[in-house]
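As written, the chain order gives the labels A, B and C, with residue 1 at the start of each chain.
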Amino acid sequence: MAPSAAERLRALRLELPPPPRPAGTYAPVVVAEGRAFISGQIVTEGGTVVRPGRVDHDVSADVAKELAQRATLQGLSALNAALGSLDRVRRFLRVAVYVASSPGFDRQHEVANGATELLVDLFGEDGRPARVAVGVAVLPLNAPVEVEFLLAVE
Amino acid sequence: MAPSAAERLRALRLELPPPPRPAGTYAPVVVAEGRAFISGQIVTEGGTVVRPGRVDHDVSADVAKELAQRATLQGLSALNAALGSLDRVRRFLRVAVYVASSPGFDRQHEVANGATELLVDLFGEDGRPARVAVGVAVLPLNAPVEVEFLLAVE
Amino acid sequence: MAPSAAERLRALRLELPPPPRPAGTYAPVVVAEGRAFISGQIVTEGGTVVRPGRVDHDVSADVAKELAQRATLQGLSALNAALGSLDRVRRFLRVAVYVASSPGFDRQHEVANGATELLVDLFGEDGRPARVAVGVAVLPLNAPVEVEFLLAVE
């Protein structure tokens, strides 16, 4: 039997952070009719954005990729809180990665791999979603990376 | 019995504007298999964008929040025209808020509350969606705010 | 009997390009429970982006509209490879068009018509989706246009 996502997390020495608190009028996760919609995740610690700024100008592409991974852990924590267990994950369908980008930075797809490589590590091929990656002007609280998820759940 | 969305609108002294006409080859709303996809809404009057420009530079954050509310009323008008009644709304699933932003403006989440606070006022917890808010370079017709909706319908 | 999408393509003297190879950890198309999610498409030839740059500054709006059409052909090629046939298309639900834009360019909706006019030409009213069009700072590999698709399939 394949190891669970929780077991794979431990094997990778990764931990889910506390579930994020919404910074406004929205739900961290909406679960309805076999789908879970996870709100856009920016990486915060104690309510403060980690490593604010624009990628390439203030934050390197490598750091941005790590932040995409951490945003994914945060999203999984919100999901775990909503579902009770990551065992209810069936298939990641879509991931959108928004990267606050200097005009000359065009490697948003490499930043986005920080999110989707972790999903494949944890969920195998069921973690490989369709994806969109774009470079935006600025993100809430000057975050460099925001990641949004849609998945099928049991 | 809880008041209907139409009754709550009246209590808030708000009115649905005329349904928007598509500015191109797309459907204002696609209804299929229990879902309604509402196209991105920018606030127009008589075909002209209201308060064009970038948030923080040309338009204040407070005005932008009001525009997010008006974009939501416009989206609900399109939905009402497509469904025949807002009583068929079951649950808002996802709202995306795009804010044309000056480089230094990072309160897109506050602008986005203009959309989602109205949804919660009208539909209660069924109006509380997953949400993504991002700051983009520019929007069609130089609109400061564009809002997109996905919901479950009867 | 209405002509198939493949027949209409031939009548328009258009051809599906080779299916795109993913530039990272994601699936070109995810098909699950009656839906197909097509990843964001940027137009490439032999792995290189066609006509890189920002719309209005480096690339005209007309060229950008053509690129939106080509991105759609590329997406349909990925879909065809995933489904085995475009005859399984039931209805396009949502198309998102991201346009790398000079600050003064606000005709993203006209660029987006390059995608959705082709869908309507090929699939009739079932090809008319809900749509969102936004102007972003920069796209992966400095592409001027990226297009993402969601549809219902048999």
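Heads up, the rule we're going with is that contacts are C-beta pairs under 8 Å (C-beta built on N, C-alpha and C of every residue); 3 or more make two chains touch, one makes a residue touch a chain.
Fair warning: this is a prediction, and the values are worked out from it, not measured in the lab.
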Graph class of chain-chain contacts, one of line, ring, star, complete, other: complete
Homomeric contact subunit A-subunit B: same or different residue positions, threshold half: different
Chain centre separation in whole Å, for subunit B relative to subunit A (CA means): 25
Residues of subunit C touching at least two other chains: 136-137
Complex interface listing, subunit C residues touching subunit B: 34, 91-95, 101, 103-110, 112-113, 116-117, 120, 128-137, 152
Subunit C - residues contacting subunit A, complex: 23-30, 32-33, 35, 37-40, 96, 98, 100, 136-143, 146, 148, 150
